[in-house]
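Read from first to last, the chains carry the letters A, B, C, D, E, F, G and H; within each, the first residue is number 1.
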Amino acid sequence: MLTERRLRRWIRAVQDGKRRPGSLVEELRRLPFEPLGFARVDTHRRLRRGLPEAVFCEGKTPQQLRQIVRRLARAQEAVLLTRLEPSVFEPLRREMPSLRYHALARLGYLRPPRLRARGGLCLVVTGGTSDVPVAEEAAITLEVLGSRLGRLYDVGVAGIHRLLGEWPLLQRARAIIVVAGMEGALASVVAGLVRRPVIAVPTSVGYGAHFQGIASLLTMLNTCVPGVGVVNIDNGFGAACLAHLIVQAA
Amino acid sequence: MLTERRLRRWIRAVQDGKRRPGSLVEELRRLPFEPLGFARVDTHRRLRRGLPEAVFCEGKTPQQLRQIVRRLARAQEAVLLTRLEPSVFEPLRREMPSLRYHALARLGYLRPPRLRARGGLCLVVTGGTSDVPVAEEAAITLEVLGSRLGRLYDVGVAGIHRLLGEWPLLQRARAIIVVAGMEGALASVVAGLVRRPVIAVPTSVGYGAHFQGIASLLTMLNTCVPGVGVVNIDNGFGAACLAHLIVQAA
Amino acid sequence: MLTERRLRRWIRAVQDGKRRPGSLVEELRRLPFEPLGFARVDTHRRLRRGLPEAVFCEGKTPQQLRQIVRRLARAQEAVLLTRLEPSVFEPLRREMPSLRYHALARLGYLRPPRLRARGGLCLVVTGGTSDVPVAEEAAITLEVLGSRLGRLYDVGVAGIHRLLGEWPLLQRARAIIVVAGMEGALASVVAGLVRRPVIAVPTSVGYGAHFQGIASLLTMLNTCVPGVGVVNIDNGFGAACLAHLIVQAA
Amino acid sequence: MLTERRLRRWIRAVQDGKRRPGSLVEELRRLPFEPLGFARVDTHRRLRRGLPEAVFCEGKTPQQLRQIVRRLARAQEAVLLTRLEPSVFEPLRREMPSLRYHALARLGYLRPPRLRARGGLCLVVTGGTSDVPVAEEAAITLEVLGSRLGRLYDVGVAGIHRLLGEWPLLQRARAIIVVAGMEGALASVVAGLVRRPVIAVPTSVGYGAHFQGIASLLTMLNTCVPGVGVVNIDNGFGAACLAHLIVQAA
Amino acid sequence: MLTERRLRRWIRAVQDGKRRPGSLVEELRRLPFEPLGFARVDTHRRLRRGLPEAVFCEGKTPQQLRQIVRRLARAQEAVLLTRLEPSVFEPLRREMPSLRYHALARLGYLRPPRLRARGGLCLVVTGGTSDVPVAEEAAITLEVLGSRLGRLYDVGVAGIHRLLGEWPLLQRARAIIVVAGMEGALASVVAGLVRRPVIAVPTSVGYGAHFQGIASLLTMLNTCVPGVGVVNIDNGFGAACLAHLIVQAA
Amino acid sequence: MLTERRLRRWIRAVQDGKRRPGSLVEELRRLPFEPLGFARVDTHRRLRRGLPEAVFCEGKTPQQLRQIVRRLARAQEAVLLTRLEPSVFEPLRREMPSLRYHALARLGYLRPPRLRARGGLCLVVTGGTSDVPVAEEAAITLEVLGSRLGRLYDVGVAGIHRLLGEWPLLQRARAIIVVAGMEGALASVVAGLVRRPVIAVPTSVGYGAHFQGIASLLTMLNTCVPGVGVVNIDNGFGAACLAHLIVQAA
Amino acid sequence: MLTERRLRRWIRAVQDGKRRPGSLVEELRRLPFEPLGFARVDTHRRLRRGLPEAVFCEGKTPQQLRQIVRRLARAQEAVLLTRLEPSVFEPLRREMPSLRYHALARLGYLRPPRLRARGGLCLVVTGGTSDVPVAEEAAITLEVLGSRLGRLYDVGVAGIHRLLGEWPLLQRARAIIVVAGMEGALASVVAGLVRRPVIAVPTSVGYGAHFQGIASLLTMLNTCVPGVGVVNIDNGFGAACLAHLIVQAA
Amino acid sequence: MLTERRLRRWIRAVQDGKRRPGSLVEELRRLPFEPLGFARVDTHRRLRRGLPEAVFCEGKTPQQLRQIVRRLARAQEAVLLTRLEPSVFEPLRREMPSLRYHALARLGYLRPPRLRARGGLCLVVTGGTSDVPVAEEAAITLEVLGSRLGRLYDVGVAGIHRLLGEWPLLQRARAIIVVAGMEGALASVVAGLVRRPVIAVPTSVGYGAHFQGIASLLTMLNTCVPGVGVVNIDNGFGAACLAHLIVQAA
């Protein structure tokens, strides 16, 4: 695994004349990815982006996924496999026995063993119970990334007292992820109550004029409360990455 | 003006043999509208629909509007001219000197002189100041129709304490019209607080992904709080008619 | 079950000094919902909103639904489970033997035993036979809520004599729910004939440029007849709640 | 002007050996249009399509229009200039003094002098007064094409008795053009009452969720009454051409 | 079956004093439909609309369809069951043994036994082979209605010589139905070649930016050739009804 | 101005028995906003949200704006007036002489006099020169809020070397705002290069299938790089608020 | 098979008087397609368009496909069957044993035996592994057409170093096909690096606000880099045809 | 101006030891653009992309444009200023007296003095006269780039003989740009007639359901003729760049 420490050691070797500069450049150019023919696994993404390589499983064949996972396994990195169907998970576990799976969130993951949660609290809030799968995708991603995590589920605006009753918890969070379908109004209401960045995740929970999440998405993009960033519909993973970068940036 | 009383008198005259049945049918068939060639003014709409004829002025020439107003003037009805541009109002006032005008709401109107407000309270609520023109279209329409009216403006979800502080007023209303642009979340929040029908009016206040009101419209259609009826974008007039029919129906 | 009576008794106890004010507040804050971890069941919604808690079953797992139903069963409330698949109903009945099911409407429900229908007549009208599932969702919801109910099905505008022949029935209703797919013109035609509020429910019945109900929805939002409130596509449940609040408000 | 008669005479000349076949082909290939560099005026369209060349004026410069009109003037054809702005009409009249103009319909036209109306009655029906400009585009086009014309304006579904009272006129028509904005329900209602083809013209009259005519267009495309053909939004001209071809086809 | 002849006989009986006028009105009011509770079968639609009752089967349960067909069977009318799934057809045949089925067009139908085709030729044209199911829905509908029918399939614009080679056939038709998916350009090209009304049927054949037929629909609505009427996506049945009314109108 | 310090002092006064609890509640309930009839100015928003009240000027009359500004002036707060037209700015300056104006960004603002920039660097990046107005709205907002600011303009993907050449600057930023129209690809490319949160602002710069910013918006929502939060089209103000909350949260 | 050579021989025979002109015309008119009733196979398309007939299999029955393939088999042409389901392939192979199949690309094909690749290099580039099925449709089509082919997969903008590292390969290509889903930014980035035409293929790989490829499509249409041509979503086949015509045109 | 020749000379100087490698890299990194603060003019784009820098003028202030033009003037490059309003052109000409302007195409341009047209013929075809502004943007761009140019205007599918009569001209072209609004069918018809790449430019010419060019765009993306590349609506400039790269690539 390419860590920043290892990289710095190399650079010092160059400075000390123990290594030719050209060789370092070559190494770096080759390192970023390991070509598999159909895929280039980006094993030093954590160095560059502060996040591990995550694999979007939709549209990939089980064979392709198996090869990618086998490669990731060698790198001993944190692993996140989003949108992973249960039927595909089993063969993957054979390649990487420590791989875990959350069925509701359709998430395969491997949390590095000695990772300690750090940074400010990331709170994941949902409007309803149907939003839980997306919220769990965010929550587990935060755990794998090593952020501190809180959950506050089913506090939608139909009964706003449920949310107001949790005001102290809301104030403790450093970043809040609001996951909501239907009219998606919760993001605005939460953001109006706190001093911290809010990340809004529209979900596809709804029907009719909800258009598989467009209604929630538009609600969130048009929030009258400034300081809200929106991610794609059902993208709990992306919201978690953003929250993680925010609290680590502090 | 054709009132229900007058109609009943005629019918009784037929029953008493003082009038031929055929003559009544003829009368009724002729009454509904007075043909102007390009328009058929519907002077007995109040009898049939419980609402006076209202004229949607967009797309009509000043000449057409003048003829329609001249005809309405004779009927001594309540009058509502929606989407009336200021430049068009002046010539109309010459035809009907008692006609009044609200510039922000672009509404020309005539409130019948001896009308007494009755029925339960209709409360008009807005999310922000930019929604006031639409809210005023609703408010004045309610006054012209003879409903009791309350106003509660600029209580959007960005500062939800502004709304919660008015809880007692909200409880007093028999029907609530919520006018909101941007993310339009206010309709859900209000509906979650009261036991009465809520009429949601999305406004075109917003920009970008607001799409001239679509965002607010979708928010309101997808509300997770049951008991909310939605009208067209910026349709304060229609909302007021619905509220009026609701409180009169009680 | 938290009734308004019970609540008033508590408040009087506080006034009489038999109960500390703080304890009442605490009670109220705790009462609203019973936390299940993933869901907060809102058992005093009837007090606050005049409607019982209804559960939108799409996107919830059978396990989650079972826990929610078990909790609702204890509260002896009216129960409404919308969008409930037949396969999920059976295990729920084991938790709540009195639960009934309407397959066409995909509605699970429990009508409180001694409930007497009251208020003005709510009439449910459909354009065609294919709209019946949505209409039945509205009709049964009205029954569970305790409103008086009438049905008038398959009277679409293709043969308008079918509707005109039922003019007397239309006049008797206090609120009319019009359920229509295809071009959805029925809502306008019905509203043009009556003095009462009309609630329009677009359905997803149609094909091609119907876009799963958008065409009907737009027709209804753009009605030239004022006094029509629109709910989401296929939302018979929401329409019934609105009609119920209207006739109870009278 | 190239008439069918003239063409047949030529062909007979070839059959009789008085003309070389090749010369006829050459003539025909040259005839269809007269190139102006930027435009190819299609003077024998009546022969091929049964309709005269019509010019869509939007997006053309006054200079281009003047050259086109000058050329059409020589051909002594019926002329239709759609979407013609008043400011552009004046210079065109200098080129073709007999050109007439209808300001509301934005239509420049020249009706051939000795044209006698023939074929079945084409009836133009509108929902409201705001639809009249589009209806007049249709009506005048029918007159220029030589069809028999009837008008029935402002009979929208808000007061359906206005339409039902004209049942006999509706039955007399061979083809009916229904012009309607807002919810556009009139096309379905009319088609449900007659045995003849109905041509539906959605108009851009409306606001908010009307989307400049999309709502009316979708209503008409989704009509539950078979036998309705739809044309583009505000396309009175196209509707008239279709009606003309229908009644001439009889 | 209610024929026009039978109706005239009744009316004459009234004129001759053999029947009370009121009884005739009663009869007529009752006749239009036979109530089934969930459906009102419109058995005298042919009298009113010139077309038999057709049943849109999507969204109806097999039980409902069986009852409707049983009722239609008694009326001895032409029968058209559109969007009928094969699995539903079999039980229907038991109710009406003479019912036939076209699997590709998903059309159940019964052609009245002694019907003779009459009127001008209706030509059904397709762009490609994938459009054939919709084209056959139109073709069989025309046969059931009693119109003269021609077919011209797979003559799309990719190889325009295939269409031009059939010029004489195109000229013979009185009305032309053009069925096309993909870019749907065929309707414009055909309409540019003939003097007759063209009915354009967009199909959902395509992928990606075709949006299940929207691309073809827009192409046809925006045709630069006047005299084209458009019906809903995949609506072969509606196109046939319009063509039938056109050629019978001649 | 209500500061957190002042609030804490009050609360201590209550704890010390120097103030009645009820009086504090009253004070707080009254404080949040100062009602102007049509608007409720939210002067303690900074306390609650960490951001000053900002006024969205579109849709407000100059009279309304003048009253709002007069009130804000008294509060001695930072002031932000977004979407402020130049013609409206002049009368406002008379109310608040220290108000400044940035014409390109259409932003009126007042930076508190002794404010010192603090927190990590917020870098504002644009794809092209046409995106500068939105970028400047973000940049000035950051200055008014008191964040440290960097600018990197016109580094779009058409010439990616322009961006890569600024790699060191990109690495120094704590939060990066990427403002881009056209295809909006810059947000993904920047996010792929840095370890920090990226806030993407789609702009309406483009034409045709850009749909006033939808194309850029969708690009950004669908980024394959996790850790990107999106705000509404042209919403430089909202992006700056989010960036400010992020760097202050660190 | 109709080759250009064969055609020229025929024409010379006419010039030499060995063949009657009329017979040649007849031959040509008949040749273009071989009518199968439901389909007109266009066997001389290569002559006219420079590309063999390709069959779009979606929406065609297995029976129709078998007949079409049988006919193509006789013509000894290159064959391309796009969107061919595996279950349909097997019966087709019985008709044409040399037919091959690529499951991922859902492509049936027959490469003419002695075809030699010629012209400049066509490079197929993908953003991710999920785009490979569309890329392979393009790649195999290029092989069947006889173009020289290169592949460069999984070089999306999330890790732009993967692309920059292949700069020399990019420069060698004469035409580049960029296949990308998600935000589709790769097309712009590649086009900014090369001097050759770029063909952009949006894919439906994505979710939520990706709208089955619309997001990628809009990105590519709005590219700020000139010289990019876009094809339909997932249309690898069409992109390959365009690339082939480009490099053969050189 | 940075030419490829000059660049090669530098590189050879490095090889010959006359220049330090580092200095070359420095030079190249600095060269690409000349920073203006708000814009980075990309003067060596021709070297990298084979096309000169073009400026999209919409959304840029006259001041910004003047600075950009002043800088471009020094580089003695070909210049293209798209979407340039006439009022802005005049001040620009003062900076660069040789700048020319085409009002219809809103294009400012400077053709390098000694440029000789070369490569295969690029033919620009339009459906109608209203499409000429976009076509001229393409035509003049081709002239400025140095490609051989042909024009074929107003040959839309309403009268397909106009197009077929120009078959020989179509065959001579190496690349064809088809510019069409309305239904945009012309691109498919042209592509079906030729062996060369076709570039389709949808225009915003149309109304109603044309949606400012979407209808034409979808038609072209869904063409059933392979080998067509589409550019953005009204993007004559981009089409010309693609055509130029195609014919130079030959």
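Basically, contacts are C-beta pairs under 8 Å (C-beta built on N, C-alpha and C of every residue); 3 or more make two chains touch, one makes a residue touch a chain.
Keep in mind the model is a prediction, meaning the values are calculated, not measured.
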**Neighbouring chains shared between chain B and chain G, ordered by label** = A, F
**Request:** Please identify which chain has its centre, taken as the mean of its CA atoms, farthest from the centre of chain F.
**Result:** E
**Item:** Chain whose Cα centroid lies at the greatest distance from that of chain B
**Value:** G
**Fraction-based call for chain E against chain C, same above half, different below** = different
**Asked** Measuring from the mean C-alpha position of chain B to the mean C-alpha position of chain H, what distance in angstrom results?
**Response** 54
**Asked** If you average the Cα atoms of chain F and of chain G to get two centres, how far apart are those centres in Å?
**Response** 49
**Computed distance of Cα centres, chain H from chain G, in Å** = 26
**Request:** Please report how many Å separate the Cα centroid of chain D from that of chain H, as a whole number.
**Result:** 38
**Complete:** Where chain H touches two or more other chains at once, the residues are 48, 56, 128, 158-159, 191-193, 208-210, 214, 217, 221-222, 224-225, 232
**Pairs of chains in contact (touch as defined earlier), listed by label** = A-B, A-C, A-F, A-G, B-C, B-D, B-F, C-D, C-E, D-E, D-H, E-G, E-H, F-G, F-H, G-H
**Residues on chain G engaged by chain H in the complex (per definition of touch)** = 48-51, 54, 56, 120, 174-175, 191-197, 199, 217, 221-222, 224-232, 237-238, 241-242, 244-247, 249-250
**Message:** For the complex, give me every residue of chain D touching chain H.
**Reply:** 29, 32-33, 37-40, 42, 45, 48, 56, 58-61, 64, 68, 83, 202, 204, 212-214, 217, 232-235
**Prompt:** Which positions of chain D touch chain C when the two form their complex?
**Reply:** 127-128, 156-160, 182-185, 188-189, 191-193, 206, 208-211, 214-216, 218-225
**Asked** Touching chain D in the complex: which residues of chain H?
**Response** 104, 128-133, 153-155, 158-159, 161-162, 165, 181, 205, 207-210
